[in-house]
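Okay, here's the structure, questions in a sec.
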């Protein structure tokens, strides 16, 4: 009989995420080992506990999930986890701090369901944050020409440089967007618009959309009113608004949840997976395709 | 197949209660998510994690339990939990900080098994504490005339006012009890006496009981010697002592435990229960009745 | 049906051990209640929660495990746990802080598989630490003549006194070992050598072994290079090196793990076990014998 599935949840917040715990249970995890307030210094012992307790053929029944509201802190844990492994002795790992990976993946997959991403003109707003930069990365890999919007040019350029280093041949354009005119220029000719801004912050007022006559799909990942893109409701899900297909945060949420659950399940199929944005995107696309074939 | 039953245990103490955890497991909970040192500021995220992870038809398989030794702190969590819900999206909640609800319910149910509570003359000692004030509330709802004993009149009056605001038509009499004479007057004509005092504190010396010739039932909820009511042993359970039926803390404990377990089970029958003193009392009475019919 | 098996894991570290948790799950524990950062002051409430939640016939399905990297801190918890029990109401307890018990047991069992321990000349190095002193104790009980090596004579004498108080008729010799000459004298005539020193510290250089022509078994419990005993590899397991049977830390690890798992399973066969070094040794010997008979 198979060993029970153990998920070691390393959370950077003072209280470990209930959200991630419930999803893990519903993904079939038998035992959740939850650790809160985890810093990089605590990782080695915890990971060794995962590596040295089960034989090679059973290692795939133990896995690590990194969560918490602070994505940068989560990424530091991920580095510490990777540094703890040696040789072939390792367990699978997933990172989804603040839901950043599953949210970015769900947004890009939603877009790809309505227009071909390769070669499309895309604008990502608040593109330098944890969700936004993952959206840029995934779009760039799909061959989209991505305008990377930020309030400061330097941060936008830094994100472009980081993505270019990871994605060969990425077509990226850094943009500073602080004025109505800058926004209008950024929107000109855009087919896909994704806003990944902070809660309750309007990035695109209603009148600005007139500057984007080619807009086909608009996705707003902000869940707290007012909307990041005026006119989009959080519950929008492939909603037609004046010829534009729109998604709100909750509209993307159902798919995000399915992807999250599938990724946790996937962890237990091998002992050497590393599920970050790209791997989760790949998984999400398989899910979409299998649904299409049903 | 049903989703696993998840109980989110929010505890205000630095270490989460083992007692409540074992009872939860024995009540059939599949996964316990234990959180220690929880303050109101942490509640919103935790509750949202409960609300937004399962579909409407599965929400009843997730529930929240509030525990810890500090009842006032637990009540602050309860307010924060209630404030986190919106619309029909909620999960069931039970509060039993320091066992206050299940203890008060077990005591009042024990009393009601030996005399009619409606119209009876009852004296509650240490009635302004978390257990005592719940005993007063439950007795008042059953129509008892309740003397609310405290060392300071002001606190007794405050408890009476709070209970009167919750229980329409409550018959309450605030009493300051510091002297032998005050105690004798308080006991005069009383049929039911419940002491909910602090551990190891004698509230009723042996000779004082002579002032209560009509006493029929005496319950002492103090588990640490000396007894709160002289002559009652912690293990007393419907014990006849000179014509008075007596209960000690352990004597009440078996019923308290059954009620606690039944309340946790009940949580998972709906997504919108709020199990505080009254709801748990109602549940306890159903339990007693079903036992009588066996 | 049997109640679910609940293991209350009291850990003295800020994060509870993942190692001990995975072993517990693989030993069949149904619910792990993990407590980190536990000090003696927190023990009473936690233990009472174990004692007062299940009836006498079900108490054996609840047990306590004490872990964490600090063995002395773990022993303070053990005292506090013992002091919390009263009368026959108790649950079984195991202590294995830093793996000290299971490691010492596995080392002594490995030695006993190759030479008769009764009457043998044994030298334990770093014998005053948590693992070393347990090795001394177990060897003394088996009738070995044990040389107790330490850098300071006073500490060695203290360990000898402590073991002599526990083991009647123990044959112990305190030794200060700081120089090449002291080491050579200590090794003279020795058949069994066990080094329980700190990570990465060489206690016996290669040339020193010439002073031990009678050496039959050498066990090095240090897992981090350089080896505590020159020439032994961490993976050595009954390896023949110039006529000496050698074990390294990992070579002992497989047996340690089996003993750990068996001890956790044993906890749930009675409500009144106390599994410290001797009890775990006894259990380990039963395991070895049953394997031999297979």
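In this document, chain identifiers A, B and C correspond to the written order of the chains, with residue numbering beginning at 1 in each.
Following the convention adopted for this analysis, contacts are C-beta pairs under 8 Å (C-beta built on N, C-alpha and C of every residue); 3 or more make two chains touch, one makes a residue touch a chain.
What you see is a predicted model; the values in this text were computed from it and never measured.
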item: Interface residue overlap between copies chain B and chain C, same or different (over half shared); value: different
item: Copy-to-copy rotation for chain A and chain C - C-alpha atoms, rounded to a multiple of 5°; value: 120
item: Intercentroid distance (Cα basis), chain C paired with chain B, Å; value: 46
item: Multi-chain contact sites of chain A, meaning residues that touch two or more partners; value: none
item: Interface residues, chain A side, partner chain B - complex; value: 13-23, 25-26, 32, 34, 69, 253, 257
item: Contact footprint of chain C on chain A as seen in their complex; value: 3-4, 6, 8, 30-31, 33, 35, 38, 42, 45-50, 52-54, 62
